[in-house]
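A, B, C, D, E and F are the chain letters, set down in written order, and residue numbers restart from 1 in every chain.
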Amino acid sequence: MFVHKIDEDLSLKLIEYRDAQNIFNLINNSRAYLREWLPWLDSTTKLEAQVDYIKASLDGFSKRKSINTVILFQNQIVGIAGYNEINWSNKTVYIGYWLSEEFQGKRIMTRVAKALTNYVFTDLALNKVEIRVATSNIKSRGIPERLGFTNEGCIRQAEWLYDHYVDHVVYGVLANEWSS
Amino acid sequence: MFVHKIDEDLSLKLIEYRDAQNIFNLINNSRAYLREWLPWLDSTTKLEAQVDYIKASLDGFSKRKSINTVILFQNQIVGIAGYNEINWSNKTVYIGYWLSEEFQGKRIMTRVAKALTNYVFTDLALNKVEIRVATSNIKSRGIPERLGFTNEGCIRQAEWLYDHYVDHVVYGVLANEWSS
Amino acid sequence: MFVHKIDEDLSLKLIEYRDAQNIFNLINNSRAYLREWLPWLDSTTKLEAQVDYIKASLDGFSKRKSINTVILFQNQIVGIAGYNEINWSNKTVYIGYWLSEEFQGKRIMTRVAKALTNYVFTDLALNKVEIRVATSNIKSRGIPERLGFTNEGCIRQAEWLYDHYVDHVVYGVLANEWSS
Amino acid sequence: MFVHKIDEDLSLKLIEYRDAQNIFNLINNSRAYLREWLPWLDSTTKLEAQVDYIKASLDGFSKRKSINTVILFQNQIVGIAGYNEINWSNKTVYIGYWLSEEFQGKRIMTRVAKALTNYVFTDLALNKVEIRVATSNIKSRGIPERLGFTNEGCIRQAEWLYDHYVDHVVYGVLANEWSS
Amino acid sequence: MFVHKIDEDLSLKLIEYRDAQNIFNLINNSRAYLREWLPWLDSTTKLEAQVDYIKASLDGFSKRKSINTVILFQNQIVGIAGYNEINWSNKTVYIGYWLSEEFQGKRIMTRVAKALTNYVFTDLALNKVEIRVATSNIKSRGIPERLGFTNEGCIRQAEWLYDHYVDHVVYGVLANEWSS
Amino acid sequence: MFVHKIDEDLSLKLIEYRDAQNIFNLINNSRAYLREWLPWLDSTTKLEAQVDYIKASLDGFSKRKSINTVILFQNQIVGIAGYNEINWSNKTVYIGYWLSEEFQGKRIMTRVAKALTNYVFTDLALNKVEIRVATSNIKSRGIPERLGFTNEGCIRQAEWLYDHYVDHVVYGVLANEWSS
């Protein structure tokens, strides 16, 4: 029901229970593609996993700890994006996202990340946005780089991906650096 | 953040913690006016009551029991509307609403109730919308009547208002009767 | 253990865990009969469903939201009756009930509903009792009618019964109308 | 509402929220008397303590851990009695009780303890009832002794009473010893 | 991680999740032996039961209701001991324990019970330690007896063991009797 | 009760409720000193804040999310150290610590951090330890540097300290780099 419009093609919709089947289908169509960089593909092979995810998302939203949205491109769900972890004391937030394989190449995620960052500074009144990306995930790193985020460091072996660790680059942008 | 647009002037925004002060101010400016028909004016004289209300609203939202929104008129909060009680087994829903005194007379609430009813049938896929109004609240009764709801009965002494009981008219509209 | 005596033959006992098997047997013996007007027959085909129901009943009782009793006729469980939903703010209560097929025709339910209504006004000090019955359930409608309840309206398509909707008649009686 | 009748004069009623004021008054009238053997007099000087106690009692009841009743003598609340701790694995139960000062000397508590013991063996199908009494509380010890309980031991310094410890006598009776 | 050292050979370690497999193996090697006096052998035939037990133990620890430790003999887990139930109002505590079959005969449990009792009086500042043992469990009774506990009574049919009841001897020692 | 011994002078004890007063005194004696780098000094001016902290700590411990210990130097509490956040999926952990002013200069914290790091790799079997320190907190930065941690980046404006933001250096060490 509730939508944050980005431009004519794109908007973010607060995740809802009835999105479960559509998200599940989207994942199924991109499973091999997504598995390269995301750790949860093997634990989401049933629809129930999506229902649990939505339940956890809405619980996080109601407690102001996180906000998860579905990305709507021309009214179709094409991925997930949101604030994974909101720290109200330190006024920082992590942005996380994924996009299905077939919608790559349209600059969708850059526009989404830009809109999410705008919202952090203009509406949530926080001070910093961080994005963490696996070091060798060149495509995903392009997003914070295009948006002018600063590379603040490389956190080694930060994440376990099925059978190996990956390093993370931490990108950050401060409220006083950002001009929407 | 999340908005359901009705028309150029009007939209519904999922209630958020940072709305507390604005809602509280709105209530304070209309306290005597609202108290004629609403039972909660005496228990909401402090800002904390709004925070508790928002917390309960978001909890209800995350459990799919209710949805509360603030009504935005020209980007300003002018009232509250939403689904008070969603019954997924019987596929029915109650709509509730209030509007501050100074924004009366602009057909705001009729447009809001129409949009909420549309959404019930098109997106939530429920079967019936009910609105309960105090029998002598002529202004509020006009809303379901203008929208073509059927008067289904008068529930006597249905609500305690500070020092007296009021009767309720139950209005209802079915999915197969509604043409948005 | 705890019993509310109605007359020589009849009493209401607060539901207990050790009633689970007896209630389950009772339902099994009347399953087709009860299924005509009650929505829960298909989800109570195992004993565990009764244990869950009793657990929910006792939880509702301890929170003052509802009271469920077994109807004892000559010391035998013959049905369930109680207050489904107690609204302490508005001082109203819904009465719900069912009786197994073989104990029909003894005016048991009329006596039970009368006793439950008495108790609402004399002990719980509430203001109104409501009974909602499916419009075409003539036998059940006889109960509030014999007790002098007022027909306050017909709520259309109020309940989903397996494969169709049924309308509900709302009956109500006020404290100042009732003489036990 | 729910009553377990003992004889013409006496019954046990499941504790209810609306008993709070009456129990509180009863305690206030016997405060010095009760304080000799009960540990909770100093923490129950406000009505809210009774409401909390009733809430905890009903919660224990709904979870089958304990049952607290008010003792009604000629329809008046004169004390509290019940099962403090039900152990369903070992099939044992503790009985606890107190009676206000002015109703002493009528054998009320002996009749109550007898009824509670009967109920344990006939309805709850447990195997053993225990009563623990302070060693020097001669009056209270008379109750299990009159009912034929066996003195099973003296647990030294078992309870802290404001400024000193008291020893407890443990009395017990087994199902196969009891003839109601 | 956290260890309470008793002597060169013996220590008590706060139970941890990663002990589950070792405890489970220990039980499996002594199942017939332990089953003579302990009631939980038939409900712990899967590893998950140990995980649940550890979870409950840590929850009890964090709420100050109980403390469960693994007994380490020469750095190997040989049994479980701890405070089953801490009563902060009456300043009493129950000690419970079991030791696998192959480590019997080394006075391990007497040393453990002595250490646990010391700790109750010196650090927890409680007033009394109780140990309850089945009357005919001569070996286990030797422990409180060697430590100078007083036999305070025989609680008849206190515990259900699969197919029969056993009586319990209650042993107790007071702070002012104990000299570590 | 439960202690992890580091050397003759130093050990870590799992935090307990009865430490509340001692920790509170320790903070009070170092309040101005600690306030330079820690954000919680203004919200811990009453003893209750320590009780809440201990409660949260034990809850985190029982859920395996964190472990907080008091640092004992010659049997006296001199600070707090532990694992703030354990990530079992990625096998990483953050170490956090503070030491009161008067015990500075004894290399206490370096020994503590070394012992905590050892334990992560040898017992918890995790893969990485991180320590985050404010960039200009030279003294605290010395600890991971002396222990051979790698500086992995500078997270800008990572923390709000009363009236200004501070940057954080992230130090990390991997299991395969560590030789205790």
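The rule we apply is simple: contacts are C-beta pairs under 8 Å (C-beta built on N, C-alpha and C of every residue); 3 or more make two chains touch, one makes a residue touch a chain.
The structure displayed is predicted, hence computed values, not measured ones.
Q: How many hops, at fewest, get you from chain C to chain D via touching chains?
A: 1
Q: Going only through chains that touch each other, how many steps at minimum separate chain E from chain F?
A: 1
Q: What is the size of the turn, to the nearest 5°, that moves the C-alpha atoms of chain B onto the matching ones in chain C?
A: Best-fit rotation on C-alpha atoms: 180 degrees.
Q: Distance between chain D and chain F based on Cα centroids, please, to the nearest Å.
A: Roughly 50 Å separates the two chain centres.
Q: Roughly how many whole angstrom separate the Cα centroids of chain C and chain F?
A: From the centre of chain C to the centre of chain F is 60 Å.
Q: As a quick test, compute the distance in whole Å between the mean CA positions of chain A and chain F.
A: Distance between chain centres: 31 Å.
Q: Return the residues of chain F touching two or more other chains; collapse runs of consecutive numbers into ranges.
A: Chain F, residues with two or more chain partners: not present.
Q: Chain touch graph shape: choose line, ring, star, complete or other and state it.
A: Topology of the interface graph: a ring, with each chain touching two neighbours.
Q: Please give the residue numbers of chain C that touch chain D in the complex, ascending.
A: Residues in contact with chain D: 1-5, 13-14, 17-18, 55, 58-59, 61-64, 67, 119, 123.
Q: Applying the document's contact rule, which stretches of chain B touch chain C when the two form their complex?
A: Residues of chain B touching chain C: 39, 89-92, 127-128, 130, 150, 152-160, 165, 170, 172, 174.
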